[in-house]
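Chain nomenclature is as follows: A, B and C, assigned in order of appearance, with residue numbering initiated at 1 for each chain independently.
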Amino acid sequence: MSALHTLLGLALAPLLLGVINRTKATIGGRIGQPLLQPYHDLVKLLRKGAVYSHTTTWVFRSGPLVGLAAVLIAFGLLPFAGAPALWSFPGDLVLLVYLLGVMRFVTVVAALDTGSSFEGMGASREVTFAALAEPAVLLGLAALARTTGTLSLSAMFAGVTTMAWIHAAPALALVAAAFVIVFLAENGRIPIDDPTTHLELTMIHEVMVLDHGGPDLAFILYGAALKLWLLGSLLVGVVVPVHTGRPWLDTMSAVVAMFVLAVATGLVESSMARLRLVHVPQLLVAAGVLATLALVLVLR
Amino acid sequence: MILALLLSPLIAGAFAYVLRPDGPRRMLLVATAVGHALLTGATWVHDPAPAWGGWLALDAMGQLILSITSGLFLACAVYAAGYLGREGHGTRTDIGEGFLFDNAPEATFTACLLFFLAAMTLVTVSQRFGLLWVAIEATTLVSAPLIYFHRHHRSLEATWKYLLICSVGIAIALLGNFFLAVAAAGGGTPLPLVVQDLVGGASGIDKTWLQAAMILFLVGYGTKMGLAPLHTWLPDAHSEAPSVVSALLSGALLNCAFLGILRVQQVCAAAGIAAFGQELLVGFGLLSMAVATVFIPGQSDYKRMLAYSSVEHMGVLALGVGVGGIGTFGALLHAVGHSATKAMLFLTAGNILTAYRSKSIREVRGVLRVLPVTGGLWMLGLFAITGSPPFGPFLSEFTILRAMLVQGHSAVALGFLAMLAVIFVGMAGIVLEMAQGEPGMDTADRPRREPLSAVMPAIALAVVVLVIGVYVPPPLRSALERAAHALD
Amino acid sequence: MTTAVDAILVGVILTSFVLLGSSRFGSCIRVVALQGVLLGVLTLAARQDEASLRTTLLALASTGLKGIAFPWLLARALRDAEVRREVEPLVGYGPSVLMGLMGLVGALWLASRLRPPGASVLPSLVVPVALFTMFAGLFLIVGRRQALMQVLGYLVMENGIYVFGVGVVQGTPVLVELGVLLDVFVGVFVMGIAMFHISREFDHIDTERLRALKDWTP
């Protein structure tokens, strides 16, 4: 069952991106890209060659590879639809967060390796915001761990049932709210970052990968989709406590919930404008406060 | 009778607000003050019955503060009637900075004065802690327009500070009320927050919550009373308000806030933790006196100097109750003496201000020559307030000192004496400099005579201060003793 | 039952945090209104076992005053004062929220030391939330320059004390509680008038600039 979930995630992650883009286009009154466009993009990029600048070193070339590898390993730790992950052990939530951190680190270092000022700017912004978002994730996961009484992700998410919600509704609601903000922040969505902008001065995530091309860009695109699926399933795991005991029903409901999340993201992106950069730290601190509040509530 | 005491200023205030002509309004003010004073005098002869199911009753402490308030209001009402007549209507120029400003409408001023009296009366008669809180908050709200009588930016700043600081303080006192309610529920059946019930059932009160409540009450009502470090609104409010309002604030309102603290101390004493509150009171008292010692010498505004003197004497009151024993008697006597003296000083300062049109000490010289009666009262007031015999404050401060030495707090006594001495030197330097010397104004500018309504109240108050210093009338003595006994 | 009270109290905490981090006057007034409404609901939820007419009356009065009357008064004062938005508070918004967090932790610690005696079925979040809301209100008064924010801070402080009163104290007569509400109402009314005068006199409501009265004139 866990293997099926992982394969499902690997296959369906780019479709999430497609759904988000399609939702934005529909709201905007356009027809928009086909739903499977991300897959076409990946295939196209894999077939291209890459050109590397003379100023870059092996760091630049290995960035996308190592990042994809990190997120693939993280996939193995991810529980989905209440079923356990491929491998789990107490404390694996820390490993998950740090694997995402490794992915971020190699992207940032690769960006700095190009010596371009745009990428350096994007890298510094990314790291600043990550420094504020990571505590929110960790505190939220800590609150979940305390509610369910276990430190292993699989057991934690298996323990988030309707009973848990009845007992600790305020805390879980706060964790969900914190996760929503972190989901939007880590994946570079509005209101933190606009993925469709072409102005480098306003970019955060996009500008770091400006100089990658060909298979490298395919790895980065796929890695971003996987990260979207990963954080999305963390959020869905908290919000949708459906554990009927029948694996197929649970899987179906979780997948449907993921796509509902994608549509919701598209709606949020269409209805809001990007925040001024000075306000983004405030939003992330708010996420941290929400997560701390949840932890404090569970600790009493 | 209690209801009459409460309702008469309230109704009179409403009438004063709607009355158009100025003359009848001022007469209404004075008449209500006289009526109120007569009613208060009647309570000394014949104990009034509790009203409103025991929520309103007059015990010894309340009667004392009520009498001070009522007498002071009578003096101030007479002064105010004359003052309003002299102020007149229309725009005027500011003395210090030269801009033009208006006064508030007289109707608002008079109405607020009467409502102020009603609110202070309510403070003295309420036996229920919740009602006491409502009354003290009401005094803050009703006296804010009084401070903002001269409508310019300085008095607005003073009014805003007063409003905000006192409201925050009193909000803290509300939390203290709730803590007291929790403490009262400690014995199983919750006791109603009526003073007598709490004193009676004091053995069942939870001590920790009572201590927390005491702290909150001290901070909360202490803000209103002017204890340092919560006194910061006092100098500004007193220097910018009209002198008659300053007299009422210093002489009557601070005592009402003190009454709130005394009521809690009463409950603490009955519960057996009197020493806790007393230590805190001693600390606050010494701090207040220290603040006054720092800020009085070298002061440039004589009304501010009087305000800091109020802070000092509130410190003396707190010290007296904090020391306990015969000090409580001394503190209550001091309340009487200080109120009369401070009010007299403020009314006199008002006369000086009207004549010299300046609040700065440097610009006032030779008051004895320009305004003989006022100058004499000014010097008399100096000696009275700093505790020289044969005036009232000397007797009360001496009693407090005796209590300190009897109980063995020699360090506190030493500090007390030292600070009193420094304040005496500071104030004497200022007052004597103002009273003597050559006045800076020409003979044409000098006022021809001192209006009767401006000096008679001050003279009457001076007489009271002198009398108390020499001979404490037996009814007053027994009332003071009964009140002091309730606190032990 | 207790979860409903807990949920409302968490809402109160969140509104206090939003106030600490918010800079626009309009949204601040609306958040305080929301807090008032939450308090009215809390009155109904926390006093389910008492005389229902009294509780309903109190809940209606507090919702009406705190949720409708006060924001209306302040919005009117704001409109008459013609100020737009906050200019550089004394303590920045990020640090304010972090201080609020520390205040919450402190309130929880303090509440653990103060256990109400004879606690039968007591919502365990009431005392910390009350203390935290008071702290947030005090912080707003001290850390903000504009007079309107100081009045909002005072309101939040009163809300915190109200939470304590409703959640912990039984047996206060309705008259006293109504008297308290009336006092706060008149207080806000008078403060609104004072703010109007300040804005007329000074063309701003920045209390940091009210410095004419001091002891040592240089």
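Basically, contacts are C-beta pairs under 8 Å (C-beta built on N, C-alpha and C of every residue); 3 or more make two chains touch, one makes a residue touch a chain.
Nothing here was measured: the structure is a model prediction, and the numbers come from that model.
Among all other chains, pick the one whose mean CA position is farthest from the mean CA position of subunit B.
A
Count the touching C-beta pairs: is A-C or B-C ahead?
Result of the comparison of A-C and B-C: B-C.
Grab the C-alpha centre of each chain and report whichever is closest to the global C-alpha centre.
C
So, what's the distance in Å between the C-alpha centres of subunit B and subunit A?
66
Starting from the mean Cα coordinates of subunit A and subunit C, work out the distance between those two points in Å.
For subunit A versus subunit C, the centre distance works out to 38 Å.
With chain centres defined as C-alpha means, what is the inter-centre distance between subunit B and subunit C in Å?
Once rounded, the distance between the two centres reads 30 Å.
Given the complex with subunit C, which residues does subunit A contribute to the contact?
Residues of subunit A touching subunit C: 166-167, 169-170, 174, 281-282, 285-286, 289-290, 292-293, 296-297, 300.
Under the touch definition given earlier, write down the residues of subunit C that touch subunit A in their complex.
Subunit C residues touching subunit A: 3, 6-7, 10, 13-14, 17, 21, 93-94, 97-98, 100-101, 104-105, 108, 124-125.
For subunit B, which residues count as touching subunit C in their complex?
Spelled out, the residues of subunit B in touch with subunit C are 128, 130-131, 133-134, 137-138, 140-141, 144-145, 148, 151-154, 156-161, 163-164, 167-168, 171, 174-175, 178, 181-183, 185-186, 188, 190, 192-193, 206, 208-209, 212, 235-236, 239-240, 295, 299-300, 304.
Using the touch definition up top, name the residues of subunit C that touch subunit B in the complex.
By the definition above, subunit C touches subunit B via 114, 116-118, 134, 138, 141, 147, 150, 154, 157-158, 161, 164-165, 168-173, 176-177, 179-180, 182-183, 186-187, 190-191, 194, 197-198, 201-202, 207, 210, 212-213, 215, 217.
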